[in-house]
Every structure is written in C-alpha cells, then in structure tokens.
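Heads up, the next two complexes both have subunit A, just with different partners, subunit B and then subunit C.
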Partner chain A sequence: MTAVGEAPERAPGERVRSLVRPDRVHGSLYTDPTIFAQELEHIWYTTWVYVGHVSEIPQPKDYVRKSIGPQQVIMTRDREGEVHLVLNRCAHRGNLVCEAPSGNSGSFRCPYHGWTFSNTGELLGAPFNKGYGGKEGLKELGNLARVPRVAIHRGFVFGSLAEDGPSLAEHLGPAADRLDQLARLSPEGEVELTAGFVQHEVNANWKMLVENETDGYHPQFVHSSIFSISGSSIGDLYSDKSTAVTRALGGGHSENDLSPEFRRLGVPMGWAGTLESKIPDYVASMRETYGPQTGDEIMINGSPHIMIFPNLFVAEIQLFQIQPLAVDRTIQHVTAIQFKGAPDLNRRLVTQCVGSVGPAGMLLADDAEMYERNQRGVAQLQPEWLDLRRGLHRESTDDDGFTIGTATDEISMRSMWKHYLTLMAPQGGAA
Partner chain B sequence: MFEVPGSGESPGVVSSEFAAVSVSIDHDGNSARLRLEDLRSGAVRFVDALELESIVWAPEGWFRRLMDPSLHRWRDADAGPGIEAVGPERPGR
Partner chain C sequence: MTAAAQSVIDGTPAPVGEKPGAVDGPIGHLEVEQFLYREARLADTHELDAWEALWTDDAVYHVPVDDSWDPRTHMSIIFDNRGRIATRIKQLHTGRRHAQRPPSRLVRIVSNIEIVGTEGTDTVVSSVVQVIESRERDTRTWAGRVTHKLRRVDGGLAMAYKKVVLVDSDRPLLSLSFLI
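Right after this comes the complex of A and B.
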C-alpha cells in the first residue's frame, strides 16, 4: 500500500506510469508536491499554454498581466502591433516590474531601482549607469526574459516556455476547429474578451478542474439547484437519454458536444437559452454576414464546450483560464465571452455569466465546493485509487475517427490522463 | 489622487503605474503651448508647437533613448554635460 499524498520512490517517469491506469488513477497524483513540481517542468513549462486574447491589448503599447501556471507573464503589444510575452521579473534584483493588472506603456520601469525595459523586454537604461561602466556597460546587463514561443489562433494567444517542440497547430489539432466555431458566432468573426475577469481561487489540485470541465456525469447532481431556479433544460442534455456525446480530441483535449441536441431542437440561439426575438439585431447581422441558411446553422449548432489542455476551458458563453499555484491551490480566471459586432447578445451573455460564474454566481460555486471537498476527500488513506471506468465498455469511434461515448461517460478524463503520461513519462505511454 | 494644477485649459492626467503627468494647454505666452507636469515630483515642462510636431515625427529610437533614466533625472553628477535641466517649477505660476 502507498500512503496517499506520497508517491512511491521510483524514477519520475516510471513512478508516474505506475500511478495512471486505463481505468483508474492514484490519489497521490492530486496531493504529492513532488509530482506537482514535475508537472510544472514537464507540462506547464513545456507544452503550449493559453495565456490571453489579443482583444485584451487592442492598442499599441497596451499590456496586461497574465500567467503560465505560477509564472507571471506580461502580454504586450508593440508599436507595430505584434504580441509579446515577457516574464514579470526585473533582470536586476528579481522584483515584479509590473504591478497593475493592465495599462498602456511602451516601457516598464522597475519600482525598486529604476531599471527600465521596453515592452518587448529590452533593457533601455538604469539610473546612475556609471556604476555599470556607463551606457556601454548596460550591454552586459540582462533583459526581461521572453517566453520563447508565442503563437496565436483566432486571437487566442498561447505561449510555450520550451524553445522547441510541437507547433501550436500540432498542439491544438482538432481543438482549433472549435475555436473557429466559437469565432463564427460573431457577425464579424471575432471573439472579444472585454467583459473583465473574475478570479475564483480554490484549495484543490488543477487536474480536478480540468477533469470536471467536460465531466457530463456531475451536472444533474451538482448543478441541480441552478437548473431548477433558472428553469434551464441544459441539465437534461447530460443524461444517457441525450444524443449529446463526450469526445476525446487527442492531445488531452476533450469536449461535450451538445450540438446534436441543439440541432434536434432546431431553434437559433436555443443553445444560449434565449430567443431570436430577444436579440433581433444579432440574428439579423448573422444572417446578413453568413447568409440565411448558414447563419441559422451556426446559431443552431451553438458554441463549443471544450477543455483545451492544460488550461483553456470554453463553456459555451464563458471562458475559464486555469492557473495552478500549488499542488492544492488553483485559480480559475473567468470571463463572459463577447462577440464582435453583437452588442445585444453580449449584454445578455454578461448577465447570464454574472448569474453563473460571477462573484455570487451559482454554477461555479457548486463546482468550487466539489473541488475543495474532493481535495480533502482524496487525502484520505483508502481507497487509494479514483475510478475512471464509466463508459469504458461502450466507447466507440465517430465518423472522424475520434473516440466518443455518451454525455455522461468518462472518456474525457481517460484521454486526458493518456496524454498526461506522454508528457510526464514520455518514454512509456499509457500503462 | 493628484490635484490637477495649472492655468491652462482642458487639463487631464495621463497616468500609469509608472508615471503620472498632468497635461494642459497654457496661454500665458504669446502663443499656446503644452504644459506638462510630473505630478510625482512637481517638475514642469512647456512644449511649443514646433517641438510637439517634432515629437510626432521623431523616430522611435529617440523615445527609447529618452527612457534611459541615466540620460537626465538620474544622471551621475560627474557624467558630463547633460540635456537641459528641467524645473521643477511649482504649480500655479
């Protein structure tokens, strides 16, 4: 027996492989600080991580503070419009260079000793530079560290702290199509993250959040109160009677594809719980942009519900950015998705998100309670393993070759752990 | 917050976490000029129309050079002739 909270003494890859099985995972994966440290190295500081959206820095010299796991990142736009990611750490004494959550400045001056950097990270000067041998001496000093790889898809900015590795397109795979699907819901084809963020901090391991995002088994239990209060029928979509499917997209990404149910309903904007008559300008714009038939198809199919590994969760109308801080501490940065050229729809989406994931929102509060209970529960000694077998016997392959199951099957978790092993134990693969 | 001083019109404050400067148009001279006041130190600079036009056309490298703290405010005492010393002039003049 292995004490929960402490993984057995083995080589890192071999040890992790012993803790992940096709139908179960060991509790120490959520509680062992040494495993969390390995995850930072092999996942968060290696693979592509979602950082922010270009709409958060619309003007030249705009900047916004973001993160890659515990690493604090400044996302900037230079005067030519290019997006950059630099680490928020002065090259002198390691102080945070930026404190404000956002601003407009072409250069950053550290408040500690005044070292000044361009918004692309280059050291521009330091006070009393004769102490460094004058202007020439500055060349020997350091710049702000840059995130070595930055790539953008549909305005979504991703960063990788590894110099080399798969491209963003390779990392996203079919998940890129879902971001395209999301952007098409704008009459101008662009998502905007301009509604502001709420930060929800929970005392739980980050993987509990990732697993929960496309877990279709929990909504009818955990979220029954908000479903009953709001009169929402969304809960019914997460049942074995539903035609919705859970789909493993590879690369650790997964989705709850509710579009079969929305198509069965056949009503534009039914996915958003609203009516055409309440947002006539938006509906008219969509039909004008895409044509009546395609416009209606887009508005009927709706928005994706996808978890893009390891930290971007798009839940139809809201976006979550997962930030692990410690083995048992995680922040979810949440915002209402806004669509360019859709002011009437955007107002409704903000209102809905205030009710679901705002400071007093009922949906995320339900989940947060489960995350923290789960973290406390998994610290108990027995049983050592968490079960992942729901729907294992009825997995199938869809027309596109993806593994799918019913809306409540745990395919998404199994696929996440399979990918987890490729990163954490690259010489092995699934145990 | 900072008090916005000056005898000019349309005062405003351009600020970030790094600096706070009050901006107004001053008419005390024979033609209008921009009045800039560093609200953290009280230092004031007036900028005339031709200087402003030159700023608009100045290459980016000029601004980057200006960002070096050792160039002016935090210049070593024995670093040789500096650029023109600025104020501080006090508000309300």
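Right after this comes the complex of A and C.
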C-alpha cells in the first residue's frame, strides 16, 4: 500500500546525509535523541556488533551477561560447546530471566512465574500448564528471542540482530587479519579474556569514543601529563616525526599502525614497554612455537591498535567494548588482553592496563574528561560543524589499496563517517 | 576481651606481660581515628605531598572491581604500589591531569571505625567512607568500605595498605580521578 504523504522508506536518510560532509560533520549527530534512535535501528540492531569472547564461557553450560548496545544479551555455551546469544527477556511478561552476571546452568528460570528456558532459548516448561491447555498448549508459547546471526572469529563472538546482511568475514574485511595478529602473540595462538572487566561510564555520545580511539592527534595533548613524568615514548609515536600511519580499513574500521616504529626500534616486546629479560618464559615459548626468526618478528611487530566498527577497540594490551545507552551516555567495558600460555606476560599486562584504563586510569580518565567536555561543547549553537579535514590534502594509498595518512591525520574519522552514511542513509535503489 | 585487646582499641597501656602487637607501643582507637580524619582531610583539600607522605615504602593502594578477584591477575579500578602512588601524585602535580582540572571539590565523612586485628606489626582498621564530589559534570556520592593497615613509623602512624571497596565497584562508574 502506498499513500500520498507517507513517510519515506528509510526515514533518516536525507537528513543524515545533509549532516555528514567529506570534511566536516554536524554537531547534532552527537546530541539529537532522534538520530540516536535511528542509529540503534540502522547500526546497532543491524550490523555485526562485538559481544564477547569464547574464553568467557569456557565450559559447557557456562553463560555470561553481555550487550548489543542497550540490549541485554546472554552469551551461552550449550552442552555440545556451541555458542548462542539470547535476549534477556522472558517470553511471558518480559521479565529479565537472568540476574547473575555469569554462571553455569543449562537453563534459565524466570523468577516471576517460573517459566523455564534452555540456554539456547527454547521454552522448557511453564508451571500449572493446564492454564495453557496442558503440555500441548505449551508448544504455542514463545521462546527467548535469539540473536539471529552469531559468528566467531579467533574466539571473538559477534552478533547481528538482522536476519540477513553481509557475512562477518565481509564485515570485518582486513580487520580480521588484525585479530589474527593479536592471537599470534600467544604461544598457543589464542587470546583469553579472563581478567574481568572494569565498567567506565562517560556522559558522552558513543561516536566521540569511536572517533578518539584511532585519533593520533590527541595523545600529545590529552596525555602529556603522564608522558612527561613517566618517560614514556608513546607520545613520540603520535608526532610529526613518527613513521607510524593511520589507515582506513573500510567498513568503518581504522587503525594506528605503529609497527613501522616498532620495527625501527627492533626490540622484541618493545611495543609492550617491556624487555625480554623480564618475561623470559614467554619469549622462550614464542621462539619455540614459531621458530626464532618468526617468533622475534611477531614480538617486534607487536599488537594492533584498531577500532573495529562500531564497538570493539583493541589498543595493544587492552580491549574495550563500547556500549551506547543513550545519546549522551556510553559505557566502556575494558579488560587486559591475556594470551594463552603466557602467565608471566599476562601479569605484566594486567598491571600496565590497570594503571592506564578505567575510571581512575592515568590515561583513560583524561580521555573521558575530553569526551564529556566535548559533549557539553557541541551543545553550543555555533559554529555547528566539527572539522575533519586534518591530512585531507596528504591522503595516499598504500600497497594494499587502503587510504593512509600520517599518525596524526583524521583518516579514521572520515572513513568512519563514510561507512556511517552507508548504514544510516543507503543510496541507490529501493531497499 | 583481653586487656591487650582492650589496649589496642582504646590506647590504654597494656598490662605488663601482654604484648599488644605494636613495636613501639600500642596503636589506640583515638590515634587511629585522628589518622583517618587527617588522611581524609588531606585528600579532600588536595594536599598531595602531605597525603603521599602518609604511605610506607611498601605501600599498596587498592580499589577493587570485585573484592574476591586476585588483583595480580584481574582488573582493578586502582592497584598501586608505592612507585605508582608517586606517579599518580606527580601526574596531578603537572596541572595537566585534565580529569582533575579543576580539582574536584570534595567533602568526605569517615565513620564506623573499628580496629579489627593485627598483621605482623600492622594494625588493621575497618571504616566506611562517604564522599561528596562536585564537578562541572555533576555532584555525586561515592561510598565504600575501607580497610587500612597502619604501622608505627618514627613515633607516628603511616599507612602500609588502603583498600576501598565501593558499593558500586562492579557497576558502570564515571571517572574517579581524585584520591579516594
């Protein structure tokens, strides 16, 4: 049925398109609750979103509460070891069926009226079933909603609330290689997220965080306090003299590729700010697993610094999961990355990570301060637009065909917004 | 209650023959209370060096996410050794710790002070704290249960350990950039 004056199909399209330009974006993209609602629909409830890691549910029947934006998701492992994502909402009256943050159980029993569901979402029973016409009647009742598409790369579990769409491999593109690079830093080839999460909340729009993650322009200013007193060389990686590059990977993903600097340094584990003499067991295991030459290359090149759109940020030694809750409210779930078979390295990573991130972190509390001031700042009426042009005149293409710029160029922001438009304002042909 | 335990709590001299656990005389309740109030005031008023001077050389400053986690293998909100406490203070001194620019306006109440035992030469003290923090962002309340380990050093008291278990430690927290 069509009627004159009916709302256009994918409503946000034209308006959002007018707010995103190649060299600037409009402030209302960060402050307008209507746009936030549209982002939930067209981004968070459509595209692939990082949910959790298989190491958080190692045993059959393990479960852990996770999220896809504001949606509460339970990540479960069934008896056969398969990973499932179900929404935390009883099919009866909508109660949360799972209260504990994590645990081991093959089923979830709603505390309200006792409806019980398997950890794959199937209704197992409802008390006093005569009220539903007996056992046969139960078949008419609903199950827990399942996240329709679940896919795993290197143990990283992604979910999409859309029935159809690009595959996870298509969504990740070259970002998948960076997760492989990360896993190779384990002598057993596996990342483990076993250190628990800190939840750091900010009163800011989620895109402030996504854009900052691979913004190489800010560290010298936002983090100068800690660089100046700790003798850290991180600041130098993000300067005009650095050989590091910012790279747009497509799909809204981007990275600060610091490996040219790490290779110039040529020291195994230099990227982690440590020395091989301090983690001899790890270094020996790596050389044994990969051979001395490849092992050293892996340990010199280091870990990626990549923002996988829309919510997974791997920053060398730590992992952030970004969860938007409202237009001006976002939670960062952060943990120290742990590598299977590397207990000596893992302890150092926890120590370093705890010093840097979270509400009291010597780096992240200052980033959070910037996000929040930015959110208050863009509420001012003028000059309306945020400038994205840094490095636009010196963009180039690398051997693999990716757009690159220097460490401080705003390549990643421009590429994120380009992808944002493809989701929020798809062009050409009817959907 | 033994006389020795009594002396630990109220500072009355221990009877001859009973060792109250401290090397240079017992640490009494009044002295503990005065120490905690002083620490609270120095933190509230950002007297950073005086606050830092309260720590022993082997200090540990811990704000856990989950008090049952081993902080060596799990995330914490703060898990500082003495060196990192010094770094934290130095960072604040730079004037470029943006999350504390301007410094939070703080008032904290320390209460429910109990001497709960001894560990070697340290006296273990339990208390609760409620902090009102005002920033441009908002005004909010932080609350937690605190454990101090106090030690007699050069005739005065110093803290070897402080742990603050926030009531909302494992929930989403806005930045906590002042000295809790």
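As a convention for this text, the second predicted complex is superposed on the first by the 414 of 431 C-alpha atoms of A that agree within 3 Å, B and C clash if a C-alpha of one lies under 4 Å from a C-alpha of the other, contacts with A are read in each partner's own complex, and residues count from 1 in each chain.
Assume a residue touches a chain if its C-beta (ideal position, glycine included) is under 8 Å from a C-beta of that chain, and two chains touch if they have at least 3 such contacts.
Remember, predicted model here, so these are calculated numbers, not experimental data.
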Practice task
Please work out whether A:355 is in contact with subunit B alone, subunit C alone, both, or neither, and reply first, second, both or neither.
Solution key: second
Handout entry: First (subunit B), second (subunit C), both or neither touched by A:331
Key = second
Exercise for the section: Look at A:228 in the shared chain and tell me whether it touches subunit B only, subunit C only, both, or neither; answer first, second, both or neither. Expected result: second
Practice task
Please indicate which partner A:370 is in contact with in the superposed arrangement: first for subunit B, second for subunit C, both, or neither.
Solution key: second
Exercise for the section: May I ask you to name which of subunit B and subunit C touches more residues of subunit A? Expected result: C
Practice task
Considering only touches as defined above, state whether A:172 meets subunit B (first), subunit C (second), both or neither.
Solution key: neither
Practice task
Would you check which partner chain A:317 touches, where first means subunit B only, second means subunit C only, and both and neither mean what they say?
Solution key: neither
Handout entry: Complex contacts: residues of subunit A adjacent to subunit B
Key = 79, 98-100, 103-109, 114, 116, 118, 124-131, 134-135
Practice task
Mind listing the subunit B positions that touch subunit A in their complex?
Solution key: 16-19, 60, 63-64, 67-71, 73-76, 78-79
Exercise for the section: Note which residues of subunit C are touching subunit A in the complex, please. Expected result: 63, 65-66, 69, 71-80, 84, 87-88, 90-91, 94-99, 101, 136-137, 170-177, 180
Handout entry: Parts of subunit A lying in touch with subunit C, wherever the complex brings them together
Key = 101, 194-203, 222, 224-226, 228-230, 331, 334-336, 346-347, 350-351, 353-355, 358-360, 362, 365-366, 368-370, 372, 376
